[in-house]
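Below, chain A partners chain B and then partners chain C, in two separate complexes.
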Partner chain A sequence: MEKQALIAKLKTIVEPYIQDEDAFKSLSENTDFVKDLKINSANLVDVILDVEDVFDIRIENVDMEKMLSVKAAMDIVNEKLAAK
Partner chain B sequence: MTSNQIIKSLPYQQPFLFVDKLTEISSEGITGNYTFKAIEYFYKGHFKNNPITPGVILTECMAQIGVVCLGIYILNEENSNRKNLQIALTSSQIDFFLTVFPNEKVTVISEKEFYRFNKLKCHVKMLNEKNELVCRGVISGMIKPTVNET
Partner chain C sequence: MIGNDIVDLKIAALESNWKRPRFLDKVFSKQEQSLIINSEIQSQMVWLLWSMKEAAYKIYVQQYGERIFNPKKLTCELISTREGSVNFNGNQYVTKSEIGDDFVNTMAYSEEPNTTIIHRFKIEDTSYKTQSNAVKQKLLKSFSELKKIPLKNLEIKNDKNSVPRLFHNGIKQSFSFSIAHHGFYGAYAISINSSFQS
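Our next item is the complex of A and B:
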């Protein structure tokens, strides 16, 4: 999927769970879900389940452990979409 | 796992254990009950000369039965080591309808929405002895076994 479109979709997904508005406004590939957006571990699970629904993919435990930033999420989504 | 085994695995004790018995147990949901004793410590302060079970305690009772007991059962089914549990309440959204007085027995019914990546999210309701709805809502927690350093 095209990079900017993918970032836009991820931005919509994380919005309900973020605790840092400024970090959210300037969200980029390098944004960290926990350190920058201050998403807690329980809401990180919600983000991942929403990513599964929006992209119609299945995220495994090993993927989840890596999915801590926008960049990592983009890589995993693209990898899963390519494998479909 | 039986009701007794699950209750013994709980990380709570008096005066903060709010589970007497589990009557239905499966990986999809759980039902249990608790009777609030007249001597519970919080009745002295909530309220002055007017003992009523606090909403936070009703929420705690629902979380202990509906999320923690269910979580222990699910972890055990997955064959995880449940000796050292890490648990944390992560969100609750509860609506309250009726008051619970001392000596009332309540039944908690919980249905799992999902358990994934150590997060257990459940729809939980509490009924009184007349089968009237006391409160209901959605409670989530993180529950995972700690890795033993051997």
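Our next item is the complex of A and C:
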């Protein structure tokens, strides 16, 4: 998927869970879900489930381990979409 | 080392729907899921096990300086609702939990639980920044009284893994403490046997 379109989709997914508005406004691929957006870890599970639903993919726990940033999420989504 | 996690049960009920499809399976082992299903108050068991995993993970990050998001790999054993252990990557952490009407608070220890200051309190404002600052200020005040050193010489800064570290006159202190906040609750724990470098 095209990079900016993917970032925009991820931005919509994380919005309900963010606890730092400024970091959300300036979200980029370098944004960290926990350090920057302050998403609590229980809601990080929701982010991953929402990503699965929106892109119609399944993320194994071993892939989930690294999903702490926008960049990491983009890599995993692209990998799963390519394998479809 | 010490790890500390708190869950505000009322806020958790609003923020997280653990009954959504695949949620339990992402987070809990089969054995843990059966503990939840067979519990009288299922949501309490969900957050008890969650807080054990979180508290243990907070030690792991201090120990290894590595962040991982895989709560299912931290496996819980319960002796009672107050005592248990968590295993992760070959480490065992002993846990002690306290369950109130509207909170669950767990301490994890990487060695025999030693003398610890544990303080739990309510915070009226649920904004992340206010809470984070309030908990850090309370911890600094408690530490300043304990070690009889001026509050102004103490500072907390997060390292690259978001682990809070304490500095005295700019010198990083190696002793272990852990802070947590969620909903209307904040908590900190200090392992007071740790040495102090001035």
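Here is the rule we go by: the second predicted complex is superposed on the first by the 84 of 84 C-alpha atoms of A that agree within 3 Å, B and C clash if a C-alpha of one lies under 4 Å from a C-alpha of the other, contacts with A are read in each partner's own complex, and residues count from 1 in each chain.
In this text, a contact is a pair of C-beta atoms (placed from the backbone, for glycine too) under 8 Å apart; a residue touches a chain by one contact, two chains touch by 3 or more.
Predicted model only: the values in this text are computed from it and were never measured.
Novice: Give one word, clash or fit, describing how chain B and chain C relate on chain A after superposing.
Specialist: After superposition on chain A, chain B vs chain C: clash.
Novice: Answer with first, second, both or neither: which of chain B and chain C does A:81 touch in the superposed model?
Specialist: neither
Novice: Who contacts more of chain A, chain B or chain C?
Specialist: C
Novice: Under the stated touch criterion, which partner chain does A:19 make contact with: chain B (first), chain C (second), both, or neither?
Specialist: Touch status of A:19: second partner only.
Novice: Should A:48 be classified as contacting the first partner (chain B), the second (chain C), both, or neither?
Specialist: So A:48 meets both chain B and chain C here.
Novice: Look at A:1 in the shared chain and tell me whether it touches chain B only, chain C only, both, or neither; answer first, second, both or neither.
Specialist: neither
Novice: Return first, second, both or neither, reflecting whether A:61 touches chain B, chain C, both chains, or no partner chain.
Specialist: Both chain B and chain C are touched by A:61.
Novice: Of the partners chain B and chain C, which touch A:40 in the superposed model: first, second, both, neither?
Specialist: Touch status of A:40: both partners.
Novice: Output the chain A positions appearing in both contact lists, the one against chain B and the one against chain C.
Specialist: Touching chain B in the first complex and chain C in the second, residues 40-46, 48-49, 61, 64 of chain A appear in both lists.
Novice: Chain C touches which residues of chain A in the complex?
Specialist: 19-20, 34-35, 38, 40-46, 48-49, 52, 61-62, 64-68
Novice: Taking the touch rule as given, give the residues of chain C at its contact with chain A in the complex, in rising order.
Specialist: For chain C paired with chain A, touching residues are 12, 15-17, 20-23, 26-27, 50, 54, 67-73, 127-129, 162, 182.
Novice: Where on chain A is chain B touching in the complex?
Specialist: Checking each residue of chain A against chain B gives 40-46, 48-49, 61, 64.
Novice: Per the contact definition, I'd like the list of chain B residues that touch chain A in the complex.
Specialist: Against chain A, the touching part of chain B is residues 88, 90-91, 114, 116-119, 140-142.
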